[in-house]
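Look for subunit A in each of the two complexes below; its partner is subunit B in the first and subunit C in the second.
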Partner chain A sequence: MILRMALRNLIRRPMQSFLASGAVAGGLTLILWTTNFQDGAWVLMLDDVVRASAGHVVVQAKGYQESKDSDLLVVDSGALAEKVRTANPEVTVMRRLSLAGMIASPDNSVAVAINGVEAEAEKAVSQVSKMMVDGSWLQADKPGEVLIGSKLAKRLQVAVGDKVVVTAVHEGEIQAMPFRVAGTFKIGNPAMDSFFVLASLSTLQEMVPTLNDPATQIAVQVEDRNAPPELKGQVRAAVGEGHDVLTCFEALPEIFKMEKLDKMGALFMWAFLGILASIGILNVLLMSLFQRTRELGMLQAMGMRPSGVIQLLMTEGLLLGLAGATLGFALGLALTYPMVEYGFDYAMMQTAAPVSGVALNTLMKSIYSWDKMFLWTGFHVLLAVLASLWPALRAGRLEAVECMRSQ
Partner chain B sequence: MAIVQIEKATRHYQDGEQVVEALRGLDLTIEQGEFTAIMGPSGSGKTTLLNLIGGMDTPTSGRVTVSGKEVSSMSKTQRSDLRRDHIGFIFQSYNLIPVLTAQENTEFVLLLQGKSEEERGSRAKEILAAVGLAGMEGRRPAELSGGQQQRVAVARAIATKPTIVLADEPTANLDSETKAELIGLMRRMNEEEGVTFLFSTHDPEVIDVARRVVTLRDGRVSTDERR
Partner chain C sequence: MTKLFLLLLVFSFPSLASPPLAPKPTAAPLTKDQLQALLTQVDDSGRSNSSHVMMSMRVKTKRFARTMKMETWSKGKEHSLIRLLEPAKDSGVATLKVGDKLWNYLPNTDRVMRVPSAMMSGAWMGSHISNDDLVKEYRLSEDYTFSLVPGSKAGGEETTIRCTPKPATPVVWGYVDVTVQADGVPLRQEFFSEKGRKVRTMTYSEVKEIAGIKVPHKMVIKPEDKPDEFTEMVFHTMELNIAVDESLFSLQSLRD
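What follows is the complex of A and B.
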């Protein structure tokens, strides 16, 4: 009967109850939608970053991770990559060579970061291949080609088919080689469009003549977004000692720290939003307490214990919270659906810095973070119950005789 | 057998700077099966007396004993339990729970006592029929007339077969026909069910049917007439 009374008490003040539940529902809807979007965006972004700038596991020269010294290179990288492939045929293994240098045309010269990649393998994981504005992607059988950003092309005053000279420095030795511009890309970020150069690995390796088959990293990638935990051990066993073998979390700590900070910031904001919504419930129950003082006194006069009065008010808070949370969950789910199916393409407003120097997919999609959705929904119900605690305790402290005097 | 014993009860209230002495050493004993009217002018202490007996309030000094239990030394929860198990209340303004039907209002105290749904249902139906509300069990207070609401209040008060029913001016808001019916109903309950009634009133018609009339003046019993 307590439940029946609580329910009917809420129904007899429909506007107040609707507003209180609505505040919970609105807050929860917003939280669920943004949580799902944030999680989806991070999953895609981390996948892009992990695949394009490292791998689920990466093999590097000892000390490279700490110093980022481009002179620290893995030698005999092809043989090492083959060992990894042989040990685990299901993984994709690719090599990259990053050098600092200059690119020059007859009109200008610019300091750039030069990246040597295995053309076909890289095309599969790099978003740059989808952002070509002119020409075509690197081809394995045309080694002397480079891809440059549209801004860099403008500064050098070159177009597809023009020749440029790339100069790289390794251990103090300067090497220069002519290349032909195979294509230009536009990522939308000034830094990447002005200073990022892609060339085929084999050609770039010729600019490091003192080392045999050098690479900055050997990236090991799996089909799934999350690599199995034993992958690092398998790669370590295949390549042996003498190299650093790192998971993506170890190789790209900044990006994962950024994810954690971003989610932590959102968590505080959302918790605050939830608390604000629960204040609506507190308000409704306090109003109800003032409006029903005589009635609550009468319940006590009939023999209801103070704990019974507390239970009644808290049941009302619980019902308000449940109604709001159910509605919020349904709305949050409904609004998430189009973001999961179709996503949001922010290409038209892309001015943000690339993450870890990687061009990102501009189509962001949400995911259903079921665990968080249920947690936030439960959190809102809990907040509603907590918000009802104070009015309920106040009601429990009322003296029947005083209540009966009130009008 | 005395079911209520009041010895030298005083009750003082602070009203701003002033101390109001609502009861000034009142002595009263109520026996089982009595049908007693308390009368007296406004401010004579009638409602305060009912509140002390009902455990809604505690005396400033003196003793109030109901069914052998001293009310003044009880905790708030113990006083709630006393009301639940031993006392029925009828108020001037009915004070039914607006969101519950006549049946549910009547069942309410039985629910607090932990009675089973079946027992509650049959007892409420029986009592509502006894007070002339058969067929109106599903109506909420807003769908009943003043007299019908007061009948539900009587049904609720006697549903648990309490030791005593305290009624604070139960006929004040009723027309003469309804009033006569209610008085008849309370008398019938007193005679047939043995329910003890103690009610405060100014109403001469109610006083006429009372078998004992206690008059209060300035917080004390001034006359106590048994008929």
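What follows is the complex of A and C.
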């Protein structure tokens, strides 16, 4: 009976009902679409960063994590990597060597970050390999080659095949070597396109002649996005003491903090948005209360108890919330679909920042965060009911006689 | 970078170990050994065990023009110290080189700063010479292959030798054309890219004999892509093979 009366009341004022539930639906649509996009973007971004700059577990020299001192290197890295492979044949193990230095051509010289990588293994995880604009990726059998960003190539006035000289410093000792430009890439970020240099690990190791088979890190990666918790222990057992063995959460704390901060900020913003939408319902019900004072008095005169009036108003709020939430859920799902299937390529955004010095896939895709979608939908229905509480209580306090006098 | 002869006077002085005699002017083509002997003389040109030089450097770029006076000391190949005397606002600014390491001292902030690798590409004192130029040294006679430049008149007063870096030599140039007097004193170096584009020219003049060593007293560096720019270095007084205490080349003396 209450439900039927509430439904009839809402239908009697179609525009008001539509606006109130529309506000809920609009807000919820935006929240669901953005939540799914944000979650999708973070999943892809974290996967890129973890794979390209560390690994699910990473082995580093003791103290490197705190100081980031490029002189702190793991020695005999090939033998250590082999031990990890033997202990767990399922994982991918790759080594990287990062040095600060300079690259020079006849026309210019530029301070750069030089990264020595295992060509084939790195190609599988690095987005840079998909962003080549000229030439080709590093070849294992052509050690004296480098890949440079398109902006750096422009500054140096060099093209594929040209000679450049790379100078690196380790423990104060300067080493220089000639290289050929194998290819140029365009990530879309000015910093990375200007200062990021890739060379083969074995060649770059020659610039650290005082150490045997040095590497900045040994990265251990699994196929899934998340590594099993026991992986760190397995790697630790394989490499023994004397090195730092860290999970990606320990090795890249900034990026995971950034994720938490970003999601926390969005949570507050969206909660605020939900509250704003619920104010729409509050407004509609209050307006309805003022317009129906005489009618409500009549209902009480006919025997409806104040609790019945409260129930009626709250049911109207619930119905408005349910309608808006259902519509918002459907629209949010519909708008998320193309973002899941096709995504959004932000390559044209030249000022996009690299994260932790890693080239990110510019194609961002949403994911269906079902748990969050249902939570947000439920939250909006709850907000609608809460928003109707005050008008309902106010209606419940009305005196029938006073109401009947109302025009 | 290829060795910068006058900079070597300032920055590095390997001992002069009986340089080979220059080939006598002759109409016959120079042999490979004779070319190498000439280049060895160029490599060792003006070198001594130690030095004390008063010099000036004039730098003109499209943004500024400035002239600096400097006092320099060197000992062996590894040690050198340069201190600015003028202009007054920069007086006391100093650069110390020990081996392949560089430090700068800025009196305004009373700070000694090791030049990091990231700044090695920066211009030294705003000139057309980079910090990296100061610390790198390669010998034309050893790190390059060489031949007479096609069309060059061999055995005359001047000989132009094309020096091509060996594959493992970490220099950016495709080749360097070195023009040298019959007595081994360099006159000009022209630096080319691998594609044969001239990038930089260094000319040497005002050759004077100091302590039995012929030394060009003026050097001009001109980048080819900026025809209005140059760096000119002139030596006013020069003492070679003098007693210089090694303690002069310390971080402490950099501040003094």
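A few notes on this one:
By definition in this document, the second predicted complex is superposed on the first by the 406 of 407 C-alpha atoms of A that agree within 3 Å, B and C clash if a C-alpha of one lies under 4 Å from a C-alpha of the other, contacts with A are read in each partner's own complex, and residues count from 1 in each chain.
By definition in this document, contacts are C-beta pairs under 8 Å (C-beta built on N, C-alpha and C of every residue); 3 or more make two chains touch, one makes a residue touch a chain.
None of these values were measured; they are calculated from a predicted model.
When the two complexes are overlaid on their common chain A, residue A:Arg8 makes contact with subunit B while staying clear of subunit C.
In the superposition on chain A, A:Pro306 makes contact with subunit B only, while subunit C stays out of contact range. Look at A:Val165: by the touch rule set out above, it reaches subunit C but stays clear of subunit B. Of the two partner chains, subunit C is the only one touched by A:Pro106; subunit B is not.
Of the two partner chains, subunit B is the only one that A:Glu295 touches; subunit C does not reach it. Within subunit A, no residue touches subunit B in one complex and subunit C in the other.
By the touch criterion stated above, subunit C contacts subunit A in their complex at residues 100-101, 116-121, 130, 132, 135-136, 165, 167-174, 191-194, 197, 199-200, 225. Touching subunit C in their complex are the following residues of subunit A: 100-102, 104-111, 162-169, 172-174, 176-178. The part of subunit A that touches subunit B in the complex is made up of residues 1, 4-5, 8-9, 11-12, 294-295, 298-308, 399-401, 404. The part of subunit B that touches subunit A in the complex is made up of residues 51, 54, 56-57, 76-77, 80-85, 87, 89, 91, 95, 97-100, 104, 107-109, 111-113, 156.
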